[in-house]
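Below is one structure; the comments refer to it alone.
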Amino acid sequence: MNRRSFAGFVAPSVLAMLLLILLPLLGTAWLSLHESYVKTELAEVQTSVPLFGGMSRVEVRRVPQAVRDAAGIPVRVWNFVGLDNYANVLSLDRLRQALVTLSDATPGWGWQFYRDVTSIEFWGALEFSLLYIAATTPCVLLLGFAIALAVDATSRRVRGALIFASLLPFIITPVVGALSIYWLFLDNAVVNAALQGLGFAKFYFLSGAVPIRALIVLYGVWHATPFAFVVLYAGLQTLPQDALEAALVDGATAWQRLRFVIVPHLAPLFAFVGLIHVMDAYRVFEPVLVFGSNLYANSLQYMTYRILNSEDNYSKAAAASLLTVLGIVVLLIPILRRLWRERQAA
Amino acid sequence: MKRLLPMAAGLVALLGAASAYAACSISGSGDVSTLSNAFPVLEAIAGAMRECTGGPVKVTTKLTTENSAETTQALKAAKSPYGLVALTNGTITPAQAAGQLRPLNDFVAKYKAKYNIEDGMLIKFGNDVMAIAFQVNAQHLFYRKDILDAAGIAPPASYDEMLAAAEKLKATAGIEFPISGTYKSGWNLAEEFVNNYLGMGGAFFKDGTAEPAFNNALAIKTLDVMKRLVGYMSPNALALDTGASAQQFMQGQVAMGNMWASRAANMDDPAQSKVVGKIAFAAAPIITPGGKPATTLWWDGWAIPKNFDGDPELAFQVMMEGLKEDVVRANNDVAIWTRSVYKPGRFAIGTAASARAGAPPYPMVPQQSLAHDAIGEHIGAFLAGQASAEKVLADATASYIAAAKAKGLLK
Amino acid sequence: MKARLSIVRSSARSGFLALWVLAAAFPFAWMALISLRTPVDAFAQPPKLFAPVTFAHFYQIWVVDGFWHQAINSLVVTVGTVGVSLSIGCLAAYALARYRGAAGFWLLMVALVFRAMPHVVLLTAYKPAFFQLGLWDRYETLIVVLVAINQPFTIWMLRSFFVNIPAELDEAALVDGCTRLQAFWRVIMPVMWPGVITAGLFSFLLAYNDYLISSQLMNGDHMTMTAALSNYMNANDDAVKLLNGIAGAVSVCIPLIFLILFFQRQIVAGLVQGAVKG
């Protein structure tokens, strides 16, 4: 295919991505280097507030009020602040303090350092995001593979129903899915009732960092396994029969067939599913929102969302966004290098 | 039959609601879009506002619990798509300080007689009416009268009494976690701190400035009381959302706690609650001897954005149609209305008692919401045992300073 | 391949699958169950196995609250997104499969990075820009945004399908005098349908289930179903409203369930044909 045809074919797609992904990214970067607010000055303002049943309370105090220009429009300040927003998000001063504590080398310093650093919003979010990726990815791949093998070995009649049931966690809207699991684990809800029915004691699943994180990871695995399953199952359908028969003739056990024929054949699929999952896991948002308590588990996307909505600080949110993007680019570099080398070899 | 009954009930409610109000009678033409939170009284008001749709007028209402973020963005934009936004003490101050609201003095004067706009409904900054308030809300004590009576405990008037009562209930009545509270880390937890710290007599800022002053001995005492309370709550308390903690009451799992007055009516709804008629209400407990009830009074009201590109007079009329006396009469128990035609019932007892005993209104300065957020982000760590009180207060102060500088409130 | 299986292995496998199916289906089944109850029964502590059934929540959300408005919106947005996405995606993916130059490789790498972009990052820029430009709360805006966000995944997936179609097919068509576009449309596309269906289904899922972007870019009457659900789900003050939302959530999943039921063979076949071999 020549270059002109290529350009013509990819133009609409590239245009869409440039306009709606690259441009906003650049806009966000530019935003992150500035700060903006309405100029205010302190003024004596008497406020009147209703209390109850016709009572009202009048308070006089000094309150910041907007500075207005000649036309009566509030003056908006727009400053270039360089990397200040980034320093704010990374909380460099608190990081420095934590390092000072580290150098003090008091007993238990390692744990204290960990506590100090993760109590900073950004680093705590980064920590859990990475933990989430590391915990869910192997589970998703292994569980998806196990289910694919198991379904592949069942009779054809049952398979349809099994595939259908297995895809359910994947097709439910993530927010709804996370909520449905959250409700099951509340104080006296279904899971606790079942535990007590089986003779165990009540367990408080939301009572600390470890249980909540485990629950979020559980949700993550529950939600992502169907995709791994369906891709690996499709892969199993394309197993080269002759290689398998040759292995059988050679007297290989089921385990050896698995290790030496099936897994190598599926290797590219494991890589594919793993890559997709890492990218999705990095963006984890819904379970953190629902199981709520970024006290115990925070994620980068949730942190950015919080800054955007609660703090109402676009510039700081922009800086947080770009740091998030930087993180995923760093995570992707090994894969990009691998793909580049594969292309060079081809 | 079982299926038809709820459907019929729904239809009747629909028809009933429609005929409860006099028809909407406004003049003007255009579109008015409203944005508000999504609790029952707002649903009733939105319903009344939508009645005004017809002919040249179209009213659309958006009710969402994410309204505060969206309101902030709408007020900042060049043009606001919303003609009416619902605000509270906490959310009006940044908007008013940035000059984003339209003063309503002219409309109030023009329509005062038609809608009987009372003085107790006006939110004034200086001489400007910035919003019209329709309800008052506060957190106050909810308790299971039957459980406390059976154990011979009087309704607690202070936190010390509450903790003693909890200890007794745990020992004698076998209730493992007698206290409930909206302690979810974040905004709710900060609200508890604000209520209790103000009840201790603390102040958030150095007088007349935006400089933080909430890292002190009173704050540490406040946090200690909160920690003791958490000891009598479910171990999940810091992660339970507000609905889940209300469920604890409605499912009969707890005996006492501070809840929002707007939740009171639900406790007596047989479709939602197992403890109909068993919950009694009282003023919020005091936290320090001789202090005022540890709660803050909130109001909810409507305002018109300055950057609304439609007809503000039409928006004002729609607002008043939603707040007219008929609406209050038809929905008397749904809220604690500011209008004088409101007949306070048993659901208003707690708020009335707290107000009469001198509970303060939630501070109406723009830097309060920044402090609120900063506190909410950090104090959970102390209650969860992850950090010391001094550290979390220092962290909260640092976060507040950074946020206030970004808003130009601190240099 | 199915050599003699011991009873133990077979029952272990059945047990494992039964546990998995329970874990996969139970949360949804439970939600569907409680959507048919009054709040005091739905959230009963301890949970009730049997309780009176009521359709009030479904009635409330669909008829009284007019959820069918949002259903139509979801339909419009989803069909629009899938249609546009597949059209421009197929064109781009075909070109990427056939072109040997370096530009193709770099485009794919950039697309990979774009796919990894958290949506909140893009929202930071979208919301104020669209407000100012007056493009907020319009179908076209949401469709274009969802198409653009979906492009990276779509072109990666479709490309691997195209790669598996032998180049000789279009070479033959070109020799016969077709232009590239004609070769693409007349010769390649007819063979591609299973792959297109698979990619279309993933596209559909993304547009239908999208929450973050849809809830921030659309308003009131124009909201899609998933975005509108957030209003109900967040109203945890009001247990009745929450259950109406759950009824809505259950309703939202039903079309997806039917899709899976009817298309599951195509999904697997599509994956087998395309991405798997690639």
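Letters A, B and C name the chains as they come in the text, with residue numbers starting at 1 for each one.
Everything below uses one rule, namely that a residue touches a chain if its C-beta (ideal position, glycine included) is under 8 Å from a C-beta of that chain, and two chains touch if they have at least 3 such contacts.
The structure presented is a predicted model; accordingly, all values stated were derived computationally and were not measured.
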Per Cα centroids, the chain farthest from chain C: B
Per-chain CA centroid nearest to the all-protein CA mean: A
By number of C-beta contact pairs, the top two chains: A-C
Interchain centroid distance [CA atoms averaged], chain A/chain C, Å: 18
Distance between the centres, which are taken as Cα means, of chain B and chain A, whole angstrom: 32
Inter-chain centre distance, chain B versus chain C - centres from mean C-alpha coordinates, in Å: 38
Residues within chain C bordering two or more other chains: 43, 45, 128, 230
Of all residues in chain B, the ones touching two or more other chains: 66, 241, 244, 251, 253
Chain A, residues touching no fewer than two other chains: 187-188, 308
Residues of chain A touching chain B in the complex: 35, 37-40, 42, 45-57, 59, 61-66, 68, 73-74, 77, 88, 93-94, 115, 119, 121, 186-188, 204-209, 212, 291-296, 308-313, 315-316
Chain A contact footprint on chain C (complex, rising order): 1-3, 5, 13, 16-17, 20-21, 23-28, 30-31, 43, 45-47, 87-89, 91-92, 94-96, 98-101, 103-105, 107, 109-126, 128-129, 144-145, 147-149, 151-152, 155, 180, 184, 205, 209, 211-212, 226, 229-230, 233, 249, 252-253, 256-257, 260-261, 264-265, 267-268, 271-272, 275-278
Contacting residues of chain A [partner chain C, same complex]: 1, 3, 5-6, 8-10, 12-14, 16-17, 19-25, 27-28, 31, 143, 146-147, 150-151, 153-154, 160, 162-169, 171-177, 179-181, 183-184, 187-190, 192-193, 196, 222, 226, 230-231, 233-235, 237-239, 241, 244, 248, 254, 268-269, 272, 279, 282-283, 285-286, 300-301, 304-305, 308, 314, 317-318, 321-322, 324-325, 328-329, 332, 335-336, 339-340, 343
Chain C to chain B touching residues, read off their complex: 38-40, 43-45, 52-56, 59-60, 63-64, 127-128, 131-132, 134, 136-137, 215, 219-221, 230-231, 234-242
Complex interface listing, chain B residues touching chain C: 2-3, 6-7, 9-10, 14, 33, 38-40, 60-66, 73-74, 76-79, 81, 241-244, 246-247, 250-253, 260, 262-263, 266, 270-274
